[in-house]
Amino acid sequence: MASTTVETRVRYGETDQMGVAYHAHYLVWCELARTEHMRRLGVRYRDFEERGFKLAVSEASLRYSRSAHYDDLLQVTAWLAEVGSRLVVFEYTVERDGALLCTARTALVCLNRDNKPVRMPPDVLAIMESSTP
Amino acid sequence: MASTTVETRVRYGETDQMGVAYHAHYLVWCELARTEHMRRLGVRYRDFEERGFKLAVSEASLRYSRSAHYDDLLQVTAWLAEVGSRLVVFEYTVERDGALLCTARTALVCLNRDNKPVRMPPDVLAIMESSTP
Amino acid sequence: MASTTVETRVRYGETDQMGVAYHAHYLVWCELARTEHMRRLGVRYRDFEERGFKLAVSEASLRYSRSAHYDDLLQVTAWLAEVGSRLVVFEYTVERDGALLCTARTALVCLNRDNKPVRMPPDVLAIMESSTP
Amino acid sequence: MASTTVETRVRYGETDQMGVAYHAHYLVWCELARTEHMRRLGVRYRDFEERGFKLAVSEASLRYSRSAHYDDLLQVTAWLAEVGSRLVVFEYTVERDGALLCTARTALVCLNRDNKPVRMPPDVLAIMESSTP
């Protein structure tokens, strides 16, 4: 499973007075695709947190090329770009009917309940590694 | 101390494509004033949660009369309208230079760590009662 | 068509440190259902705005009974409760697998491009009236 | 005027169930500082839009090092890093009492009313150039 695509429709409250989707919301949409990609790989993030681990965003970058408008149906795709024992990198595209609106990349570190960086649990690490190019 | 007024400036991301502040954000602004009012009464909400209690919104109502625009400096006022051992009611106004934009009211229930409704701690209850008309 | 139900999954960014969905987001979810209900009736809100009209929320009230958690799949239902020439009232429920989390009600006024209250266009009014109990 | 610092307090709705501020909100806070920096330079963004120009974010990157918590008072600093006739780059730090939480950078392009990239108005360009290292 190279990547996962989810669809989301731009909400009214996600627009701003420029008449387009506000730039910060793309990070939220990327997370929707990341969560679904992990779920399809067999890692439900909700369970991951209940086991006492979290993935905290340590870096994010976005490149916006076209605007998204209210009520647009967007295709958001996520895939794993790099996996280490303590850090994973996801990449994303946000598209509308084949037109690229945005590319993005986030690095996430694995933390324990005390918010200390730790190695990911072996089963999760194995799944992620096997899905990374 | 009958009420507390805080100022907040409408953020770009709080506007929508109608060119005005999106209606859901008024609840956020009301919370800013509520938190400051409690802080001035001597109840820092952050400490309240650390003691194992929370105040969860159980009812909210808003009446919007004029729009708020990007970069507007708003005056948000909160006061206690009713206090019971398990439930408190705050009321609010959102104004811009004397013009009334919105009135609101929220009821909050006191919950413990297990999210069960409980009586408020006596010291907090006493403070709130003494500040209620 | 008495009502329309949409499904939405609670996003991570919609939770707060209480571990539940933040109360202001319910207004956003209600809007998702309202928009879809109008779309199914034949009134695409996007087109409505392009014709020079808007529906601005003038009153909102919410009653929260149970919390929504991260990743919960919610069913949000909207229906028309009252229709006048200048004002429409929608009501809502937010449920999770049959359990009621929240009921809500919003009144919306029809505005023209200059943000003046106006009568709704006759075709839209007729559609809405025919769908109201 | 090398840079401008604004203070903002982490709102309850800006936290997530990890108990820290959700990562997307840092972009909102950066904008608060950017807007104030421009205002102090003499360019009120609100007026800039009324003249028919906008600045749209074309790239954003953030590096998170420490978490922000509910009710934390943050210092957000913005400065101009690069200025061209059609594109400006701002850089940012988000700090809490001297501890660095995040560094960020956004590139913005100047658009006209039709969302076409255009040269910035000469007076604004001159102001920005004179404030850039």
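Each chain carries a letter (A, B, C and D) given by its place in the written order, and its residues are counted from 1.
Simple rule for what comes next: a contact is a pair of C-beta atoms (placed from the backbone, for glycine too) under 8 Å apart; a residue touches a chain by one contact, two chains touch by 3 or more.
Every value quoted in this text rests on a predicted model; they were computed, and no experiment measured them.
Compared on C-beta pairs in contact, B-C and A-C come out with B-C as the pair having more. Mean C-alpha positions place chain A and chain B at a centre distance of 33 Å. We define each chain's centre as the mean of its Cα atoms; on that basis chain B and chain C are separated by 23 Å.
Chain centres here are Cα means. That of chain A falls 28 Å from that of chain C. In chain A, the residues that reach two or more other chains under the touch definition are 12-13, 17-18, 20, 24, 28, 70. Taken as a graph of touching chains, this assembly is complete, with every chain in contact with every other. Remark: chain B residues 11-13, 28, 31-32, 35, 44-46, 70-71 touch chain D in the complex. Residues of chain B touching chain A in their complex: 12-13, 15-20, 22, 24, 70. Those residues of chain A that touch chain D in the shared complex are 17-18, 20, 23-25, 27-28, 49, 54, 56-65, 67, 115.
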